[in-house]
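Every chain is named by a letter (A, B and C) in the order it is written, and numbering of its residues begins at 1.
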Amino acid sequence: FKNGLYVETEDKSFDFKVGGRIQADGGFTSYPSASGARSNVGFRRARLEVEGKAYKNWFYKFQYDFTGTGVTGIRDAFVAYRDTLLPESITKQPVTFQIGSQYEPFSMETLNSSKHITFIERALPGALAPDRHVGAKVGLGDKNWSVQAGVFSTSFGQDSAQAPAVTGHQYWDLTTRATYAPIVEEDKLLHFGGSFMFHRPNDSTAAQDPNNLLPGTGSRDETDILNNRYVVVPSAQALTCSPVYKSAAGVALLWTPGYLQNSCLKYSFNYNFEVAASYGPFSVQGEYSGAHYERDAGTALALGNNGGSSLNYSGYYVQGSVFLTGESRAASYKGYDKDWNTPGTFSDIVILNPLSKGGLGAWEFAARYSELNLNNGGLVSGPYAYWAAVAGGAADKALASTATLGGREENLTLALNWYPVRGVRFQANWTRAMTLVAPSDKPYLNGQHPSTFLARAQVFW
Amino acid sequence: FKNGLYVETEDKSFDFKVGGRIQADGGFTSYPSASGARSNVGFRRARLEVEGKAYKNWFYKFQYDFTGTGVTGIRDAFVAYRDTLLPESITKQPVTFQIGSQYEPFSMETLNSSKHITFIERALPGALAPDRHVGAKVGLGDKNWSVQAGVFSTSFGQDSAQAPAVTGHQYWDLTTRATYAPIVEEDKLLHFGGSFMFHRPNDSTAAQDPNNLLPGTGSRDETDILNNRYVVVPSAQALTCSPVYKSAAGVALLWTPGYLQNSCLKYSFNYNFEVAASYGPFSVQGEYSGAHYERDAGTALALGNNGGSSLNYSGYYVQGSVFLTGESRAASYKGYDKDWNTPGTFSDIVILNPLSKGGLGAWEFAARYSELNLNNGGLVSGPYAYWAAVAGGAADKALASTATLGGREENLTLALNWYPVRGVRFQANWTRAMTLVAPSDKPYLNGQHPSTFLARAQVFW
Amino acid sequence: FKNGLYVETEDKSFDFKVGGRIQADGGFTSYPSASGARSNVGFRRARLEVEGKAYKNWFYKFQYDFTGTGVTGIRDAFVAYRDTLLPESITKQPVTFQIGSQYEPFSMETLNSSKHITFIERALPGALAPDRHVGAKVGLGDKNWSVQAGVFSTSFGQDSAQAPAVTGHQYWDLTTRATYAPIVEEDKLLHFGGSFMFHRPNDSTAAQDPNNLLPGTGSRDETDILNNRYVVVPSAQALTCSPVYKSAAGVALLWTPGYLQNSCLKYSFNYNFEVAASYGPFSVQGEYSGAHYERDAGTALALGNNGGSSLNYSGYYVQGSVFLTGESRAASYKGYDKDWNTPGTFSDIVILNPLSKGGLGAWEFAARYSELNLNNGGLVSGPYAYWAAVAGGAADKALASTATLGGREENLTLALNWYPVRGVRFQANWTRAMTLVAPSDKPYLNGQHPSTFLARAQVFW
């Protein structure tokens, strides 16, 4: 019996849990422009979930977020089979096969449960990581290592439509992540990891997969409840180029199928490196993410779309935290032995002196520096391309069209967290955009330094 | 173990409950006009909820109504902390702190669970009471008294949008309610209460808060499934006045920001008085609600919006019921000791001879007279203003523009309820509009007497 | 304790169950036309449900499908009362009264839980069967027979709107089904059944009830995740005719009310015959469905709507399956004694050697031939009417207008199912349209033979 409801048969062959979480946020931002200043309160997440085990080897989970509507609210929803297929010399842990809606194995921060991330919102480079998708995944590992790989397609939470156009084939991803933690002790941790995703786009329309085709769409500038999103590739520069639909007559038939089959984007891949460490109450964590797109240069040119044939975006963050009350983040590290769905992430803090026993709960102070660069380097620099697009001559513009300009942002976030008892957390975050280079469709953002204050009350069970 | 599912740890530190309700309604209305006559069946509410207790002092509840979509279906969703902070000489009951989506403490009828109200729909003046909002509330009390106060903002169920415009700050309410019940016995009850709400509007747009800015929007004429709503302030007379959005050039810049910051409405406040009594199988209940709006007269005039600078609306209802099978409503009264979320309301009837023990269940007959007046008194009477708007000269119209005309309605409702066992109730209601003075945009309603029959099958667990 | 969560009081007066299902589908179709070829993955159903018993005689169930939004996701949601009202010489089973959202008792295949149907999608004639509706139903029966009858109206899942127009009365259905199974043994079964539905349409608009008024709307060509639907009555031929709304002036007032009250459709009825048999691992099942519409010939003619006054549609399917691992479908037959909501259907297979005990699970091979004919015979043949509509002269067209052309389709489906343990099933279906006669608005479908491959992973608890 824990928070929520958990039941189990005596022989541990079956179990069942009802859980949930509520995150009530409120905040305001000081940024005084047309797309910025506002205050609001609301719910960031309101979820219920059931999960269970059947016949020892079979597992299922269904999680729904009531801030979404219909299928867009479906989060984890999968069936898993786990069996000890490997020799003990490799691992005593069973191998896991999962089918359904689940996270692609990519990036520690993205995979970490939103109940347990240190800050209210994930860092900016999360915009380059895939969300949950429908697919199949296999995983193996042990207390201090894990490997997961899978093939994925439609995403309920991320895609703007749940199916490709009637003549189209859905996109797919191949994704893998490996982690290794040479030190896993109660108060010491050292963790490394890397992820890789290959993406083959939907062949008929760009509408299905905005997170991939409009990088930055998934970013929230660490302030979701206020719905700020400063840097994002403009939709006029969608990386597939807008597909031209087949018309029934004329010479267009000769070349249109080419667009329909390939549009601009041939494929893309994303990669991510992660490191986390903890020593007593101190912990640090950082990730670097990159995305590379390969396009058909001729098609892109014919459609007047910027960026050339080979594009790159990237982001990183570093963060540090200290528990003023002495807890260690190392104690909440979950290896594959504790979490076969998202191994190598963090669970909830083990509070040393909870309020319910007369203590103060746990108090944590944290800081993070986070960057997302959605300006494609290309042949020219971002500032040059920006200047050319706004004020350059024809030659400048031609040269500049080898670049896409989604903007660049660097944020500093300070955080104070209070954990009175297990399941309850109060958070306060202050974020300032230290650097803001505008995307090409929002020139008024250049040089601004919006700052935001957010507070959250969270309960889970 | 009760209806539904309830589990508890042995030391009572933790518990968990899964509940829900279904209300299937069917009905028809005799009103033969373009906006009236119809028949229909459907679900009024279809809810699931989980609630629990953790570490003795912490409580959470999440309730979702599947007749809504996305966040608009979220009902109660909060975390609460309760602790004995007051000396025993005042109360032995702990003080309650709540954060999340919850009812503002205003009006006995509004706060009373829809599972246990006497009639199928709440009375007309409920249109002047706030719905659930996201906010923070503190409450204290004991068996026969309670005081609650809080600050609230966005409402998932009531607002037409979940956030203010990008340049705006969300509205907020300060709300408090106090109740006192000098007599609380098994078959005798006397209860008094009063509520007050101060409302500071969203500074950028009227769209966020229709219940406040278009009084009557929340009324359902006691017949929700048929979606009738006769009296409501016309949207052309929205109490903020329609805000004019900032345009970038011209002299408009000189005065537009004024509208954006204040529109017409400076603030409003609502108040409510309640009384309920029960003696054996007989019970009576009544409430009076009023709403007062303070506006900037010059801005309202400039925008051609009616009503002047100071507006008032009101409503009341009185109802009586008798249990033919002898039950007393007093037995289901919930003081703060039994319900710290909505103290001073009624729970389910304790059935003396349920069907499951060979009895007849409980039978109840009830009658209610209910009024809502959304014509602003202003300087002239409603009928005069109405006549002037429809047929008067320029001078008449100028005088009449000191008033808003949302209409006035008086309803008589008769009800028969059958409670076979705990958790199940069958209801039949017949409602006739005794008086109907039309709002200015629906002149065909004047003098009509639509009547409506509604039946409901309800189960909760 | 089963899959999911089930609790019961010691005296069996109360119980409560939390269940759910996930069906993750993926597939592609080879059909190369504008409305066909595509691939996709997604969820066909993602449901949670709670059900319980209270005071021995009272039952409730609430089931929600998260692939729908708001009320359209509500599935079963009813309260039931069961009591032994009949003499034991007729049946020892109690009579059942149900109110709420529930299946109309019509067609074995439609009533059979989607968790347990043999193929991934139901057969084509299911397009002629009603979905779940809000209504009241009474049922009685025993192990080998059942009779159910009820009156129903609004459907959350099927209707395009949840209420008739403001001046209208909602449609209603009278539906009944009877089943008789002369042989019910562990490995032998013989089952017969028949159903009948009378439908009185909504008097103001056709929009409420597309399944009835545009036959074929509910068909999915056995491939829902790809959203194919080849044969369906074109909306220009909607069986009510498009209603003309009342205008306030002119001679139109003389005849418009006639349309509003009756439109074209006076009433319709549907009927269905079913047979199922099982002998050891072999089983067969088949159904024939018909629909008859009676219309006002003059109104239909005046509105230029095809089909004449008396229309007929029909469909049938036959299927056979064999369990390669020896299970018998007879063992999963549910009489009224086991399932009072949908008696005379099949539950889950009792797996002889589940994977959890070292077996292979159950393996099943099945084939089905399925037809749906939405061409109204009328006075002329479908091909003639089709030719006349596309290329005929005025006289040909006049004659042809005695027919509606929704098309005709015959499908062959082959299936392989694997049931490793109770609650988990993997399915693969291959379907080919053997005959395809196009509806009049999709001539490009004539003579095509699209084929489709679908796979499903299903878990329920």
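By definition in this document, contacts are C-beta pairs under 8 Å (C-beta built on N, C-alpha and C of every residue); 3 or more make two chains touch, one makes a residue touch a chain.
Fair warning: this is a prediction, and the values are worked out from it, not measured in the lab.
The two copies, chain B and chain C, are related by a rotation of 120°, based on C-alpha atoms and rounded to the nearest 5.
For the touching copies chain A and chain B, the fraction of interface residue numbers used by both falls below half; the interface is of the different-residue type.
Between chain A and chain B the centroid-to-centroid distance comes to 40 Å (mean Cα coordinates, whole Å). Chain contacts: chain C has residues 5, 18, 69-70, 73 touching two or more partner chains. Contacts from chain C toward chain B in the complex involve residues 5, 7, 9, 13-14, 16, 18, 50, 52, 54-58, 60, 62, 64, 69-71, 73-74, 77-79, 81, 99-101, 134-135, 153-154, 156, 162-170.
Against chain A, the residues of chain C that register as touching in their complex are 1-5, 18, 20, 22, 24, 26, 28, 34-43, 46, 48, 66-70, 73, 226-227, 354-356, 420-424, 457-459, 461.
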